[in-house]
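Common to both upcoming complexes is chain A, partnered first by chain B, then by chain C.
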Partner chain A sequence: MDFAKSIAIAASGLRAQAGRMRIISENIANSDSTAQTPGGDPFRRKIATFTSQIDRALDARTVALGPVRTDPSDFITKYEPGHPAADANGNVKRPNINPLVEMNDMREAQRSYEANVNVIGATRRMIQRTLDILKA
Partner chain B sequence: MPISEIPIFSMLRTRMQWHQERQQVLAENVSNANTPNFRPRDLAPFDATRPPPAAALTVARTSPAHLAGSTTGPVQFQVDRGGSFEIRPAGNGVSLEDEMLKVAANQMEYQAATALYTRGLGLIKTALGKR
Partner chain C sequence: MTTPSAAAGAYSALARLADPSAALAKAAGDSDSGPSFGAMLKEAIGSVLETGRKSDAQTHAMAAGGKSNIVDVVTAVSETEVAVEALVSVRDKVIAAYEEIMRMPI
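Moving on to the complex of A and B:
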């Protein structure tokens, strides 16, 4: 039944957005994770990627979380000589995470998730209408 | 004559199939709203006067004496690669607002089709006098 397919496709969207939310929460949680050794690299920001794939069993294009990439941008350095992770000059490398960017990504993930939930709701109502024909 | 062969019912059935198919295409668009280089698709508008060609399934016959069993497979609706309102830098052209409107319209039109179907059944029941 095609409606079951629609729901499965929207569910793949839910899964992908939930996975993206996980990556974002990792970034936010680790926004202060510096290195354990002096001069070492801190936590590097992760980026979720999406790929469109053809689900053979479903015969439809679903979405899946692609490989998780890391953000190659420079770390933020902060002068903090007393910090255990400070290098010889007293600079500490902090993760390349901008809370503003993460918050916006989170909003986008939330909106996309809601859109997929809406599709599931609409499809369910359509199935209900079909079943209502029986009551006629 | 089976009920599904009566013109109004067969037409409404095709219409409902079209809505099902469209719902699937729209679900694909929404789930891929963040996929790079994804362009949204839609079905070509429904036209009851030109029914889509049904993929006819015929049984292979090795002898002319065999029965020619034939059945109509699922109808194939034309997929329309419509232009999108905007294409974001990542190459994605899905506008969630647009898709939500389409999903809502699809749902309402489907509801109209099922309501008409119900009415049609009611007419037959009236004719049978089993009310």
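Moving on to the complex of A and C:
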């Protein structure tokens, strides 16, 4: 039934956005994670990707979290000679994470999640209204 | 979601039950061609139970140790809810029709 399918598709969207949220939370939580060895690389920002896939049982295209990629942009360097991860010049490589960008991503994930929840709600209301015909 | 289709099946079964030609054939001593109301109800309740069991399993898995996704639990439970509601609506309608017939002055 199409109603059941649309709920299942929206649920796949919920799962995908939840996965994206997990990656964003990893980025935010690790925004200060530096290397343990002098001159080593710190945490590298992760980027969530989404793929459209065909669900054989549903005969519909659902969304899933694709491979998690890393952001190849440069690390932020900070002069901090006392830091255990500082290199010979006293520079510490910090993760290439901009909290503002992560906040925006988080807001986007939140909005997409809400949109999918609204799809489920609207579908449920349609089912309910259809069943109400019997009760009249 | 199995039950809205079960409800639709129940309706078609009911239509066969209420089919005047089938009733005539039965009156003429023919073996019954359509399924009985009891069998139809049994089938519909069976499929509702099946969805109920699925959502129960999901809820248990989540409560036991968070193995199940909350999205799966919510969708399974709401699926069951819709299934039960569809079954109840059909039952109410069928019983209303039966009472209507019983009220008929003979």
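Throughout what follows, the second predicted complex is superposed on the first by the 136 of 136 C-alpha atoms of A that agree within 3 Å, B and C clash if a C-alpha of one lies under 4 Å from a C-alpha of the other, contacts with A are read in each partner's own complex, and residues count from 1 in each chain.
Here is the rule we use: a residue touches a chain if its C-beta (ideal position, glycine included) is under 8 Å from a C-beta of that chain, and two chains touch if they have at least 3 such contacts.
These figures come from a predicted structure and were not determined experimentally.
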item	value
Chain C versus chain B on the shared chain A, clash or fit after superposition	fit
Contacts of A:122 with chain B and chain C, given as first, second, both or neither	first
Which of chain B and chain C A:108 touches, first, second, both or neither	first
Chain B versus chain C as contact partner of A:136, first or second or both or neither	first
Partner chain(s) touched by A:56 [first = chain B, second = chain C, both, neither]	neither
First (chain B), second (chain C), both or neither touched by A:9	first
Comparing the two partners chain B and chain C, which touches a greater set of residues in chain A	B
Per-pair minimum CA distance [chain C against chain B, superposed on A] in Å	7
Intersection of chain A interface sets (partners chain B, chain C)	1, 3, 7
Complex interface listing, chain A residues touching chain C	1, 3-4, 7-8, 11, 14-15, 18, 120, 124, 127-128, 131, 134-135
List of chain A residues in touch with chain B within their complex	1-3, 5-7, 9-10, 12-13, 16-17, 20, 49-52, 60-63, 108, 111-112, 115-116, 118-119, 122-123, 125-126, 129-130, 132-133, 136
Contact footprint of chain A on chain C as seen in their complex	1, 4-5, 69, 71-72, 75, 78-79, 82, 85-86, 89-90, 92-93
Chain B residues touching chain A - in the complex, by the definition given at the top	16-17, 19-21, 23-24, 26-28, 30-36, 38, 96, 99-100, 103-104, 106-107, 110-111, 114-115, 117-118, 121-122
